[in-house]
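Common to both upcoming complexes is subunit A, partnered first by subunit B, then by subunit C.
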Partner chain A sequence: MAGVQAAVTERPRVAAPRRFPWVQVLIVPTLLFLLVFFAVPYLNMVRMSFLLKPAEGPYLPQFTLANYARALFDPFNWKILRNTFWYSILTTVITLVLGYPIAYHLTQATPKRKRWLLVLIISPLLVSVVVRGFAWLILLGRVGLVNQFMQWAAGTELILIGTPEGIVVGLVHVFIPFMALSIAGSLQNISPDVVQAARSLGAGPWQRFWRVIWPLSLPGVLAGSVLVFVLAVSSYVIPIMLGASNVLVMPMLIVQTLLDTFNWPLGSALSMIFFGLTATILAVYLKLMGRSMRWTAP
Partner chain B sequence: MKRRGGLLLTIVVALIYLFLLVPIVIVILSAFNSGNFLRFPPEGFSLRWFVKAAQTGPFVRSFEFSLRLAALVTVVTTILGTMAAIFTVRYSRRFRDMLRLAIVAPLQFPAILTGIALLIFFLATGIGTRGMRALFIGHTLVALPYVFLTVAAVLVGFDRSLEEAARSLGAGPLVAFWKITLPIVKGGVISGALFAFITSFDQFPISLLLVSVGNTPLPIQLFDYLRFSFDPAAAAVSTVSVLMSVAIVLLIDRLVGLHAITWTGHR
Partner chain C sequence: MSSITLHGLTKRFGLVTAVNQLDLEIREGELITLLGPSGCGKTTTLRMIGGFEIPDEGEIYFGERSVTALPPERRNIGIVFQSYALFPHMTVWHNVAFGLQMRREPPPGIRQRVAAILDKVQLSGLGGRFPNQLSGGQQQRVALARALVTNPAVLLLDEPLANLDAKLREEMRFYIRQLQRDFGITTVYVTHDQSEAMVLADRIAVMRDGVLEQVGRAEEIYGRPNNAWVAEFIGLSNFIPGTVARRIDSRVVVQTKAGEFTCTGNIDGSVFVCVRPEALHFDDNRPNRLTGVVRERVFLGNLFDYRVESSNGIRLRVQADPSRAFSPGTSVQLSFDPADAWVIRAEQV
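Coming up: the complex of A and B.
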């Protein structure tokens, strides 16, 4: 969907038409809906994170920083945060490595074949994430295909259910299409003339890739990795299904705090911290990438 | 040299596609297993687990519930999203980027956090999560951007002179829209609707938080089922869900081409 977002920002070529009266009627319902059911709930969560949690009842309208103090001074939370970000970074890097060849291959295909390849990429994207978690439970479990194969081939057990590695496999599987489509959007924009020019100047295939195609595809890589990282960090289903309650990630901890212990203020504070750290990591990443993109710019 | 590089790329890409597709195929094959347990390779061919799933009350009820919910979400988001896209592409100038950001924002925020924010909001305001309304609102929030983006993508590439010709021939703005614009962007609108449908039908994180007793969407039901039992009936339910998704992908491909929803303007 990344390309669609870009398309919407394009300026129309024709001058603005004469408006029909009351044209705002088109947008007001959507904006009202977003205000009431998106902006207000999030602001309410920010407020909630500063409220007092009494022994009885959900919260008291009394300002306090205790929730943040409690969340930040608990080393357990930091361990979970570190794990969550680490799995997500791993996931992002692996999806990049696996998504790039798919994207490149896609943009090189003939239109007819491209159509079928897109069906193959987008179909898994629309399959429910519970179903995909289930698929990996079948594959990676004790009687799963992977373990059977390992026992047959190497005589050792390989059960990935309940391990971080299993979670990363599941996440990579879910997010490859996002990465591939983002990168393909960028690769699609590279003019074949540029590559042809590099070739006629004597650049070999390897050089053509690293000196021309890769730098020009960096916007797609950037968009794809940001998207996958954000989705991976906040994923809940795959970690809970494939982690088999051995592995805890931040979204699980937050949901537990809210639903099992009914501590809304603490859960909100944890959400805010999680949110802030994710944004910080992304900001650092974007800054670094911005610098390296300047290096590779012609 | 070039040949060998091309062959290597093809092999690598084929392996990645296998990685992408094999798990889903395995779920489907497991559903036709005649044995008593989820095992691979299956012990024989049978439809018994589909029959069992169709006779399992909770699955049937949540399937119906998810269909009703997704249908409602689809109708509302298609109308709202199409209207918003028309306004943003056609009539907004200064605020265009801001509008786009605002409408797409629910996709940029982690769905699980949106679910939590909505849950606290509904409980704190007394709206509650009973019935369908909480789920309806949550699903609408995340499905709306897809309709908006798909319709906007089609509108951006739309040739305005057709509509202007109709206007200069005396058609009012609404008639021109109904007779000229809508038929042309129809593919985009229907694709957006299909996207909204599947987004709601497969939604998990938001449903998990806003679910209430007696109103369980199918993904949540499947998830709960898998916690306690691990049998081919779950694979049968999953197969139905997979087939729906694939059908929708093929439909969108037919209507506007998957191109239109992934990156535009470079056909």
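Coming up: the complex of A and C.
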């Protein structure tokens, strides 16, 4: 260590004098904002999840694991957790299946068509989720278009409002743009030469897709599916509107615990468990995907 | 491996005719370069041979077989792009094996052939690497191995050396030439670099505005360009305007402002006398002589590059070995051989 320091001091000083890094100061407001409105409340929730809930009042400053015990040993909570993850995975898979062709079409389109397609894909985002949820209520309701058609065509009712399927329909609709745009970003990066090289080597359309285009689009599939899964898991408005209080998902349960039953410590504990499991699922998914994307490592 | 015949090949993009009524016969095992400035239609021609562009008119044959209507995947071609276009998500081994897998070769055969070709391009130890872990030259060799391992009927190379640095590019020319000879594969090589074309090609096809200007061996194209454009494009050339005074066998005597010169050729009327800069010598040992004054001199390492103005105001480029140096302002005597000068029609400039 001493030797290193000696070597450093012996070197003639030719470097320009260090300036104060003003540019880096620009990030301070953002960091402050995140600290005050994100980190502190979150840490407070972590703390609260370990505090005692008295019969009266929000909490007592006394350490306990009771909230976690109560949350984890209630099979009802596990059912809600399982359902929430299941609907979200379903939503993610369906948006992937529906979003991929949209993305592919987008990258193949001429620049002029591409602009229009982009407008079409993004325009739903300009309408509030509440409005779109309401639109689905009208479409899927007992006297809605879908049901009228089903009664005319098959003579049966198709009840979607108040069912998990109805929620998934709404979620897929809301999240498709995120998936399609993520995948399009990846597809756009595939050099046409690479696909042509595959053709020259005898690869037909299916082989070109499964051996070349699909694996090269995996980064976009990964980004899109993580985004949609996270958004779906935490969605609140669509499940509450299309679930018609028949179907419960985790964010609704947490809000109910916090606001309706006024149990902040239990609500916090549920939040922590929910967060932990979501993070675990994502970690496993990233690990699995990472194996097929070894080539992206530098 | 097979010969390639292009017959009346035409390709239009909107109002632009990229390739116009092109006829070309490429012999079996021959390496031909399509040489021309950018936008001359050489890459479009290559892409039509590969099947990536559909010609508006004309036919393409590999040997006796018409491939005009076949998609690339059914033509049995090997292609190397300027970008190499390696599959970034596959290892070197899988890149090379891809074409064999598409042909449903049995795995033991694939392993053996991939190993053999990786050995051939000196990449034996690197089968497990991904393309982004290779140098440009190594990627280039993977691309060549991938294109050759399937024993294609023809090999198509689209400016394959353009992304390499100058020194490596130089080496790779000879390497590709050797590889092509070893495989004996009919090869079409697109380039805009005339020295690359000269080193590599059995024959050079010079293209301009979608039309073949001249096809021939490098010596023919350099020594006897069809017209002034080809002469300008391949190397440097001096053009001395004049009129043919009389014809003697295969020679013509041309009257110019700088004097009477005997040249190769058999045309009459208004002509240009073409002389390469290195064919002009600072002495009076040769039949065609003229005098002038050195205006400029540039040292190029292996030679001096002079601008000489003749007594009648004609500017000439002269390249001579650096053993004797003439300073600007010096009066000099120049001479050249009738065999080193040829005449082309004047209207073609």
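Going forward, the second predicted complex is superposed on the first by the 266 of 298 C-alpha atoms of A that agree within 3 Å, B and C clash if a C-alpha of one lies under 4 Å from a C-alpha of the other, contacts with A are read in each partner's own complex, and residues count from 1 in each chain.
Operating definition for what follows: a contact is a pair of C-beta atoms (placed from the backbone, for glycine too) under 8 Å apart; a residue touches a chain by one contact, two chains touch by 3 or more.
Source: prediction; values computed, not measured.
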{"item": "First, second, both or neither for A:Gly202, with subunit B first and subunit C second", "value": "second"}
{"item": "Touching partner for A:Tyr42 - first (subunit B), second (subunit C), both, neither", "value": "first"}
{"item": "First, second, both or neither for A:Val194, with subunit B first and subunit C second", "value": "second"}
{"item": "Greater subunit A contact set [subunit C / subunit B]", "value": "B"}
{"item": "Partner chain(s) touched by A:Val127 [first = subunit B, second = subunit C, both, neither]", "value": "first"}
{"item": "Partner chain(s) touched by A:Arg211 [first = subunit B, second = subunit C, both, neither]", "value": "second"}
{"item": "Intersection of the subunit A residues that touch subunit B with those that touch subunit C", "value": "204"}
{"item": "Of all residues in subunit A, those that touch subunit C in their complex", "value": "191, 193-194, 196-204, 207, 211-212, 215-216, 293-295, 298"}
{"item": "Touching residues on subunit B, where the partner in the complex is subunit A", "value": "1-2, 5, 9-10, 12-13, 16-17, 19-24, 26-27, 30, 37-40, 80-81, 83-84, 86-93, 96-97, 99-100, 102-114, 116-121, 123-124, 137, 140-141, 144, 146, 148-150, 152-153, 156-157, 160-161, 163-164, 173-174, 198, 201-202, 204-205, 208-209, 219, 222-223, 226, 230, 234-235, 238, 241-242, 245-246, 248-250, 253, 257-259, 261-266"}
{"item": "Subunit A contact footprint on subunit C (complex, rising order)", "value": "50-52, 71-79, 81, 83, 85-90, 98-99, 102-103, 130, 132, 146-147, 150, 156"}
{"item": "Subunit A to subunit B touching residues, read off their complex", "value": "1-10, 12, 14, 16-20, 23-27, 29-31, 33-34, 37-38, 40-42, 44-45, 48, 58, 98, 101-102, 104-105, 114-115, 118-124, 126-132, 134-139, 143-145, 148, 173, 176-177, 181, 184-185, 188-189, 204-205, 230-231, 233-234, 236-237, 241, 251, 254-255, 258-259, 264, 267-268, 271, 274-275"}
